[in-house]
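In the two complexes that follow, chain A is the common piece, with chain B as its partner first and chain C second.
Here is the complex of A and B:
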């Protein structure tokens, strides 16, 4: 198992999440509407960050499948807040040189009147620097 | 000047590991009044106590300081040692150099320095100690049990069988509590009513037990051995001693649409009712909020049909005052509200139920006569999902749920799942669990039977949401072991809701001055060694009011509480605590501040004659402390503006001397 403690510390600091609080109930993954789209599911995210297994997460498409709906945050009985970890890993990727997934200007083109406001906010957070 | 001996304990390596005990003994030798100082491996051992006894005799000690563990642990031990050697036990001071020193420090020089300072403070106090003699108080040989569930029933029976009179106060119209609502009991699956109701009858027929049902405790005064309790008996509008429990009034009552609390609102009862067939006392009760006769004087049918003439619409609440030597709290538990757990749709669908509702649905005396039918449409369910840990084991910041494990849910869910599969083999039963916790006798075997013999699908994971759609409940859940998200079309969802202490516990604890934890469970005097006693003398704990418990544990604790009560009531006199308040009458200005703050009502004011400097006599109003009632809390010493109130054994001068020694 690869262990990257620097990156792990960064993710934990950026997210403000303490993954050790997780009791492995799986309610985050039970609640996640994007579960089937994800390679690493919310509970695995928490577990992998706790184990310092960050590299596979950085490369995973799962980062961009999370809708930032925060249902996992709302329902986690241990207040672990998995979505904040996903967000922190996303930020870690974005902070690398040239790692922007798309430009902020492009978001407007994709969005239409049907797009919920929350999705737009999340989209900006996801895709722009 | 005192002749003080200092005894420094190693407590094996508990103290000696981080405190240089020789250095402490040597340093304290130099303190004023100290004539002897030594250290030993285990001061509390027989050999250690002999060292103390010999030193008291040899060095003619008038006071001793033991530097050891917390006084809660061994103060009584060392007081007895001193008394055996002819020294007044209140000339013993404990310097706690374990819990508050060696255990919290890692660094030997720092630990040693602090131990010396704590030792110096204790020496400073002993220098001002005076011998004290405890007073005696009589014991009222009657016990009060608050709560009439299985915990209260068992405690009452055990105390009464030992020959002491017991009163049970139960706020519901019948005793029986939660156990009366259960169907079968794990792990042997005997029917709850079959094993509980004979005990209820025993209580009713016992000549030493009185039952105050539909009643509550409203006031508690006094202290161990001598409690004065006021009990409010709610008007049930039926004469208890006349009613035969025939039930004619119930069948004739036209008001039939009152939600039946015994069946958790899943069916209706009449305005006049007997909660269930085996209720004790088997007496009808009129619900004044539903009865037309009481609300607007129109009806009176029950009085007409009652051949015994037991109905009395004019009955008033009644207050009973009684003296007790001991009080047992057995107030039990309830499920938490599911209002904050919207994701499980409890408030949206009648087919999402709690486990206790499930008990009633499978109980032969329940709303469906024991047939498992969906509450919404009365149809037999085929797919049933059980969700464990709903509101248990939550983070303190999560704003919903409880931090603790509710303990009983794993087993009752296994029971429900097993019984469902046994009775209805055509059902699919899923149990979503985080951990299965079955650490009891024959408990894990029971759970394995549910899986292996009855084919219950145990899935490691949690339900994320339940959405009612048509006549189905769409359950979205995780299966962590196969790393899948599951979608189950369920007919019935059963939530293992966390349990919490009954709401009556908090105000009761205030009345009893008994301490509670942040979850409103009563605190025990010692978590391991005094698990059935409250830190408040004379108050004992039985059942789930102290923490989540199943029936076998509740019954054992109930028996243990009873044996403690019997031990207390068997005594003719109790030795009091001599560390009580006393007032310097020459300084007292009669302001009543102390009387107002005293939580025990121990202070009264008297008019007394005093000789004045000019040889005249003046009458002054001064405070007087009842030594039998004072508990030595010290509230009055703080409130007294003139410094007249002081606490024996904890005098202001002694405490200041300790502080001075620490700050020197």
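Here is the complex of A and C:
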């Protein structure tokens, strides 16, 4: 297991999350609507950030499956707020040069006449910098 | 009563109905929505990361503009409201963030989250009152069975949004009752429709949206109402076979001001 303590500190500061509050009940993952499509689930994000095991998260598709629905934030009995860790790791990736997940030229293929602006601006905020 | 109003990008484009019916209904209830001058898009989603400043500035500008007029800031779109309320909460509770924002904006006087942020539903419940709404109904929606779909953004995070109980809300059901119809409560009413993931993974969005519609239908709903253009888009695109309409349209219909829009 790789241990990246610089990145671990960054993620913890950006998110404001204290992963050590987690009691491993798994409720965040049980309530996560994207669970089936995630390689690493919300409780694993918490655990892996606590252990400094960040590299696998950086490469994981799970970053782009989180819906920012705030369900895990609402329902965690320890107020750990796992989605804030998912967001911080995702930002650590897409803030790097050339790491944008979605590019303007990708949109035409996906959008239709009814696509609300809200969908486009939200997707760009989540997938690009 | 006059309030500041933040319409947002979608309400000026794909969700014009949500906007126009909000104006009409508010007027019928004695409230004028005064659009913030030169408002900028809220960005659609609140970035929870504490070191993100730029993406939150448009919300702070809108909040400050309302504060300068001494008015609450009202929005109708669930997403705008979520971003603005979360930004305001950050301005109130995160001193470091507020310091950076105020230093950057260099507005006349600092802003520290003083503005009252209201969703249009809160305006109806807390400022106008559902009893008053009920008195102004001219076309009762009696006989309709309507499912209120909250989604994620209206209610969560509960400690920030403070609109209603995030797990057992009543605000939209109370509105439905005031309009004379029968609310249909269903389990998926505060679960996600898939949101923006319909760009990345349409199959995931379809699964989530279908679960919402099927659950509402199984409980006997013949219509779904929402405050979110993205919820509506996902539900309709993925084949909802009962009408999915904005709550403002329903309100305008009951208040007898719907026709005026055409």
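Going forward, the second predicted complex is superposed on the first by the 109 of 129 C-alpha atoms of A that agree within 3 Å, B and C clash if a C-alpha of one lies under 4 Å from a C-alpha of the other, contacts with A are read in each partner's own complex, and residues count from 1 in each chain.
Here, contacts are C-beta pairs under 8 Å (C-beta built on N, C-alpha and C of every residue); 3 or more make two chains touch, one makes a residue touch a chain.
None of these values were measured; they are calculated from a predicted model.
After overlaying the two complexes on the shared chain, residue contacts for A:71 are found with chain B and with chain C alike.
Once chain A of one complex is fitted onto chain A of the other, the partner contacts of A:26 are limited to chain B, with no touch recorded for chain C.
In the superposition on chain A, A:41 makes contact with chain B only, while chain C stays out of contact range.
Between chain B and chain C, C contacts the larger number of chain A residues. Residues 71 of chain A are contacted both by chain B in one complex and by chain C in the other.
Against chain A, the residues of chain C that register as touching in their complex are 8-10, 13-15, 41, 43-45, 47-52, 55, 77, 79, 152-153, 155-158, 166-167, 191-192, 194-201, 204, 208, 228-230, 232-233, 236-237. Partner chain C is touched in their complex by these residues of chain A: 13-16, 33-34, 37, 64-65, 67-71, 73-74, 81, 83-84, 87-88, 91, 101-102, 107, 110, 112, 114-123, 125-127. Residues of chain B touching chain A in their complex: 343, 389, 393-395, 397-398, 401, 434, 460-465, 476-480, 483, 485.
Chain A makes touch with chain B in their complex at residues 21, 23-32, 35-36, 41, 43-44, 71, 75-80.
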